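Once you scroll down, you'll see the structures, which are given as C-alpha cells.
One chain, chain A, links the two complexes that follow: it is found with chain B in the first and with chain C in the second.
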Partner chain A sequence: MDFFIQLFTNPVGFYNQHELLIAQIGINAILAIAIFVTFYSGQLTLANAGFMAIGAYTTVIMNLYLPTPLPVNMLAGALLAGLVSVVVGLPVLRLRGVFLAIATIGFVEALRLGVILNVPITGEGQGLKNPSADPLGGIVPILISLPILAYLVWRLTRTRLGQAWSAIREDELAASSNGINVPLYKMIAFIISAVLAGYAGALETHINFFVDPTEYGITRTIQILTFAVVGGTTNVFGPIVGAVFLTALPEIVRQFASYRDVVNGVILILVIIFRPQGIVGRGGLAIIRPRWWIRWKARERPAAAH
Partner chain B sequence: MSALLQLTDVRRHFGGVHAVDGVSLEVEQGTIFGLIGPNGAGKTTLVNLVTGYIRSQSGSIRLHPSSSPPARAGEGRVGALELARRPPHAIAGLGIARTFQTLRLYRNLTAIENVLIGMHTRRRDDTLQQLLPLRPLMRLDDQRLKEARELLQTVGLNPDRHGDRRASTLSYGDQRRLEVARALALKPKLLILDEPAAGMNPAEKDRVRELIQQLNADGLTVLLIDHDMRLVMGVCQRIVVLNFGRKIADGPPATVSNDPAVVTAYLGSHAPESASHVPGSEEMDVAAPSKPAASTEPASPLLEVRDLEVSYGAIKAVRGVSFGVGKGEIVALIGANGAGKSTILNTLSGVLRPHAGIARFGDLDLTTAAPDKIVRAGLAQVPEGREILARLTVRENMELGAWARRDRGAAHREIADLMKQFPILGQRHNLPAGQLSGGEQQILAIARGLLAHPRLLLLDEPSLGLAPQMVDSVFEVIQRIHSEGVTILLVEQNALRALEIADRAYVVETGRILLSGTGAALRRNPEVQKAYLGG
Partner chain C sequence: MTQQVLNAIFIGSIYALFAVGYTLVFGVLDVLNLAHSAVFMLGAVITYSLVALHGMPFLPAAIIAVFVCGLLGLLIEFVALRPLRRRNAPPISALISTIGLALIFVAIVEQATPGTLFGWLWQDGANSVRFPAGTVPNPTYHLGGLTIEGTKLGILITSVVLMLVLGYVIRYTQIGRALRAVAENRRAATLLGINVDRIFASTLFLSSALGGLAGLLFGLAISDIGPYIGRDQVELKGLAVIVLGGMGSIPGAVLGGYLLGLIEVLAFVRFGSNVEAGVAFAALFLVLVLRPQGLFGARLRERL
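This part shows the complex of A and B:
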C-alpha cells in the first residue's frame, strides 16, 4: 500500500527511491513490445532472450575495446541482433506453432552454451564487467525509447504491414490468396522483434555493471512470454501492461517478494483460466462452471418448479 | 474472344492417386466458365494448381493478361505469364482471386477488415508514411473504407449491420458472401469460386447466381466450381467436366448435360431411375414412391426433447423446440441454413448446453450429462464437415473412434468388419484420411461413429458438398445402418433426399419447428417445396 501512497503523494521521492525498478520496468516493457510483434504476426517465437544477449554483449564489448560513443554501440548491438535474426529466421520460420517455439528456444540455448560460454571475448561464462555503466543516467534513454517504440509499433499494426500480419495470424493460406507474401512478412516481424530485443539488451547493460550470461536463458524467455500472456496480445499495450504489472508486483507486495516465481506462476494460471485474452482485451471474465455446479443447478430447477 | 487462362496437359499425382491427369482447358475472357465433376474428380486440386498452392508435375498454366494493362509498371506487357512455378501470393498479385471450398475467412477480424486485407496487392506500400498519421494518408484510408463498404454491398451484405461484426459471428451464408467480397477487393481479372453455393438453400443459391451474373456483366471472368447443376448449367457459357482427374466433356451446358459420359459419371453406370434424372433436373424428382404412412409422435420415445432453448450469447439459436425420436425410426430435421438444426444436435450430444428445456435419452438427462457419458450411453454424433483427422490414416481414424473403449480386442475385430462392410475404407486403410474425397471422408466419419455402438446416431449434414452419385452411396450407407437396428436422427440441407428415407421429419425455421409429419407427407407439402426445394 505504501507503494501507491508514495506514488501519488510524493512522485519525486517515489522516482528517486525506485529508479532501478522503473528502469527494469521500462526494459521489460520494450521486451514485451518485441514479443508482441511476433505474436501479432501469429508466430510463437521464443528467441528474444538470445537477441537480447547479442545486443548486450555487443554493446559492452564495443565499450571495452572501441572508442565509439555509447549510443552507437547500443544501436550496433540492436542491428547485429537483427542481422543474426535473418540467419536464424531463414530456416526456422518455416516451422509453425510449438515447433517454432522449440526451435527458437534451441537457438537461445545454443547461443548461450555454444557461443557465449566458449568465446574468450565474452568472458567465457564468467560474465563481463561493464565499467561505463551508469545506473542513474541509463534510465533516461529507456524512458524516452519506451513511448516512442510503443507508439511506432501501435501505428505499425494499423498499416498495410500490420494488416498483413493480422491476416497471416488468422489464416496463412487465405493470406497468400489475398496476395500477401507470407514468408516475407513473417521474416519482417521476426527481424523487428529481434532488433527491439537487442536494443532492450543494450539498454539493460547500461544500468548494470555486469553482464551475466545466466540472465539470457530459458528463465528469461519464459518471463518475456508471461508478459504477453498475462497482458494479452490484442494490441501492443497488452504486453506492456503485463510487463509493468509483473515487474512491479514483487515491490508492491514486499512480503511475498521471496515467493516471486510462485506468485507469477499463480497469476499466469489464473489469467489463462479466467481471462484467456489477457488483462487488456475485449470481453469480460471467462465464466467457468464446474461440473458439480451444473448438476446442482439442474437438481434445483425442478424443485423450484413445484 | 481470347483465352484468359490456358491450361495445357497439366498433371499432378499424389502417390498413386492421379488427382489431375493431363487436363487442358481454356477460360475465355469475359465468360463464366464452369468446372464440374463428381466428388474426388480433381476440381479443387486443379484450382490449387492454378492458384499455386500445389505445384504441377508437368504441363503449363498460362495467364494472358492481354486486354487489360499490366498490374505494375515494371511487369511490362508480356504475351503470356507462366503460373506453374510461381508462389500463391505472386499469382494473386497477377489478378487471380479465389474463394475456398471450406471457408477461410479471418475469423477474428471484422467483415470490413477482411475486405481491407483483400486490397493488399492494390495498396501502395505506405507503411513508413503511415507511422505518422498525416491527413492525406487518412483520406486514402477513408477511401479504402468506403470501397470496402461498397464491396460488402455488392455481395449483398449490409455494411452498417455486418461491417463491424467479427467474421466468425456472421451466418454461414453471409460468411460465404464475405469471402467473395474479399476476393473482389483484389480487383481480379479472374475470379475462381470454389463451391460458393455449398450448403445454401435454394433462395440463397438464387442470390449467388444473381451475384455471379452481375459480376460477369461488369466484365469479370469467373471460373465456377459447384455441385448444384441448376446453378452451373444456368450461368455458365462453357463447362468442363472432370472425372478421376481427366477431362471427360467440354462445351456449352446443353451439350455437356446430354453427354452420355457425364450422365454415367454422375449417376453411376447402372442409372437407377428414369432418364429424367439427369443432372440439373434433380429437384423435379418429387414423384418418388411414397413410404407407408407411418406413425405420428412415438408413444415411448428413445429421445425426448421438450421446449429446448439454446443461445449463443445474445443470439437465441433455438427457441423452444419439442420433438421425439422413437426406437428404430429415421427422423429428419430439415430447414435452411442458420435455422438452428446443428445447434440442436450439438446440444443433444452435450457439446452445447441449453438455456432451458428438457432433453432425455432413455434415463439420461442430456442437458447436464458429460459428452463422454452421453456417448457411452449410446448416443453418437457424426459432426457436420466430417471432422476426420486429415493427417492420420483411415485406420488410425477408426482406431481413435474406439479409443474410449476398454475391449480393445473386440474393437479391432469391429474395425476389420467395418473395413469389409465399407470396401472404400478397406482399400484405403493406409492412406491419410485427408486424401479421401469428401464422400469417402463422410463414410469414414459414419463408420467411426458406429464404433461407439450407438443406439441413436446423430448425422449432421452427411451430404454436404457431395456429388449426387456420392450422396446416393452415403444415403445407402445410412439406410443399411438403420436396417441393422440403429435409430437415426438426421439433419439435412438436401431436404428432398432426407424426406425420401425419413419416417418422420420436422421442418425447422429460425429456431422453431414450423411443420412436422411423415417424410412422404412433407415431401408433397407445397409449403415445404416452396421454402426448401426451390419449387
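This part shows the complex of A and C:
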C-alpha cells in the first residue's frame, strides 16, 4: 500500500526511489507491444527473447569496438533483429498455432545455446561487460520511446495493414480468399515485432552494465507472453497494462516477493480461465459452470415448482 | 565410442519416457501440456524427499512419487484444462494455463527451505542435490572394455518394459481403444458412448505418472535433483523429441528420444559440450521447417 500512497502523494520521491523499476516497466511494456503485433495478426510467436538478444548484443558489441554514437548502435541492433526476422520468418511463418510457438522457441534456444555461447565476440557464457551503460540516463529514451511506439502501433492497427491483420487473425482462409496476401502481412507483423523487441533489448543494455546470455532464454519468452495474455490483446494498451501490472506486482506485494512466480502463475490461470480477453478488453467474467453445479441446479428447479 | 553410444541409449530412454507422456496428452487432448516438465521435476523431488528427509527405502518412495505425480496430472486436468474445454477455448489457452501451473510448481520447490510452508517437501531452495550414497545398490559391470553401471542398466530396462506395456495397453485393451477413438475423433467417440472426460483424466494421470517416473530416473542417473531440472533439462528437449517423432505419435516419441540422445552424444564427441546444448533446438527447428509431420510420421493426422 505504501507503494500507491507514495505514488500519489510524492511522485518525485517515488520516481527517485524506483527508477530502475520504472525503467524495467518501460522495457517490458515495449516488449509487450512487440508480442502484441504478432498476436494481433493471429500468430503465437515466441521469438521475442531471441530478437531482444540480437538487439542487445549488437548494441554492446558496437559500443565496444566501433566509434559510432550510441543511438546509431541501438538502431543498428533493432534493424539487425529485423533482418534476422526475415530470414527466420520465411520458413517458420508457414507453421500455425502450437507448431509456430514451438519453432520460435527452438529459434530462441538455438540462438542462445548455439550462437551466443559459441561465438567469442559475445563473451560466450560469461556475458559481456558494457562499461558505457548509464542506468539513470538510460531511463529517458525508454520513457520517450514507449508512448511514441504505443501510439504508432495503435495507429498502425487502424490502417489497412491493421485491418488485414485482424482479418487474418479471425479467419485466415476467408482473408486470403478476399485477396489479402496472408504470408506478406504475417511477415510484416513478424518483422515489426522483431524490430521492437530488438530495440527493447538495445534499450535494456543501456541501463545494465552487463549483458547476460541467460537473460534471453525461455523464461524471458514466457514472461513476455504473460504480459500479453494477462493484459489482453484486443488493443495495444492491453499488453502494456499487463506489463506494467506484472512488473510492478512484486514491488506492490513485497511480503510475497519471493513467491512471485506462484502469484504470476495463479494470475495467469485465473485470467485465461475467467477473462480470456485479458484485463483490458470488453465483456465481463466468463463464468464456467462445473458439471455438478449444472446438475444441482437442474435437480433444484422441479422441487421449487411445487 | 561404443561407450558413448551406450550413454546415448541411457539418456535417450529417459528422454523417450518423458516425451511419451508429453505426446500422449497432445495426441489425445490436442493440447501441449507445458506443466509436464514441472511434474518431471516433482517426480525426482518427491522421491528425494521421501528417501532423504523421511527415511523411506527407495522402491516404495519411488512408487508413491509416481502415484502422486499421476494425481498431479489430474490436478492439471481439473484446474488448467477442463474449465477451458467447457468454454471451447482455443488450444493455445491450454498452453498458457499449463505454463501457469508449471510456474507455480517450480516456484513452490524453489522457495522451500527448512521452516517454510513446504519445508517438509524440499529443503534446498534453488540448489541441486543428489540421492544419499547407497540409496540404490549400484554394481558396476565390465563387459569387453565397456563400463555399465547397474542403475543405468536398471533404468534402461524399466523404461523399455514400461514403453512396451504402454504400447500393449494402447493397442489391445478396452481403455486403449477408447483412448485411440477419442484421439481420432472426439465427437464420434462421445456418440459411441465413451466418457470422453474420463478418458482425458486417465490420459493426464498416465502421462504425468510416466513424466514423474522419468524425472526420478533422471535424478538417479544424472545425480541432479533441483527445481529447475524439468525446465532446463527436458522441457524443450522433450518438445524437440516429440517434434522429431511427429506430434502425438507414441512410437515416434520413443524413436525420437533415442535419436536425440544419439545426436547429442555425437555432437558432444565431435564438437564439445557447448554445441551439445544447442543441437536439440537446431534439430527441432530444422524438422519443423522441413518436415513438420516429424521424421517418422507419414501423415500429420496419424496418431498414437
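Here is the rule we go by: the second predicted complex is superposed on the first by the 306 of 306 C-alpha atoms of A that agree within 3 Å, B and C clash if a C-alpha of one lies under 4 Å from a C-alpha of the other, contacts with A are read in each partner's own complex, and residues count from 1 in each chain.
One rule holds for everything that comes next: a contact is a pair of C-beta atoms (placed from the backbone, for glycine too) under 8 Å apart; a residue touches a chain by one contact, two chains touch by 3 or more.
Note that the structure is predicted; figures quoted are calculated from it, not measured.
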{"item": "Touching partner for A:Ala174 - first (chain B), second (chain C), both, neither", "value": "first"}
{"item": "Residue contacts on chain A - larger count, chain B or chain C", "value": "C"}
{"item": "Partner chain in contact with A:Ile222 - chain B first, chain C second, else both or neither", "value": "second"}
{"item": "Contacts of A:Leu113 with chain B and chain C, given as first, second, both or neither", "value": "second"}
{"item": "Partner chain in contact with A:Val253 - chain B first, chain C second, else both or neither", "value": "neither"}
{"item": "Which superposed partner A:Ala101 touches (first chain B, second chain C, both, neither)", "value": "second"}
{"item": "Which of chain B and chain C A:Leu20 touches, first, second, both or neither", "value": "neither"}
{"item": "Touching partner for A:Thr159 - first (chain B), second (chain C), both, neither", "value": "first"}
{"item": "Chain B versus chain C as contact partner of A:Ile269, first or second or both or neither", "value": "second"}
{"item": "Those residues of chain A which chain B touches in one complex and chain C touches in the other", "value": "none"}
{"item": "Sites on chain A touched by chain B in the complex", "value": "152, 155-156, 158-161, 163-164, 166-167, 170-171, 173-182, 291, 294-295, 298"}
{"item": "Residues of chain B that touch chain A when the two form their complex", "value": "51-53, 87-90, 92-93, 97-98, 100, 104-109, 113, 116-118, 120-121, 123, 125-127, 130-133, 182-183, 185-186, 353, 365, 367-368, 370"}
{"item": "Chain A-touching residues of chain C, taken from the complex the two chains share", "value": "32, 79-80, 83-84, 86-87, 89, 91-93, 95-97, 99-104, 106-108, 110-111, 231, 235-236, 239-240, 243, 247, 274-275, 277-282, 284-285, 288-289, 292"}
{"item": "Residues on chain A engaged by chain C in the complex (per definition of touch)", "value": "44, 91-92, 95, 97-99, 101-103, 105-107, 109-110, 112-115, 117-118, 124-125, 218-219, 222, 225-226, 229, 258-262, 264-269, 272-273, 276, 286, 288-290"}
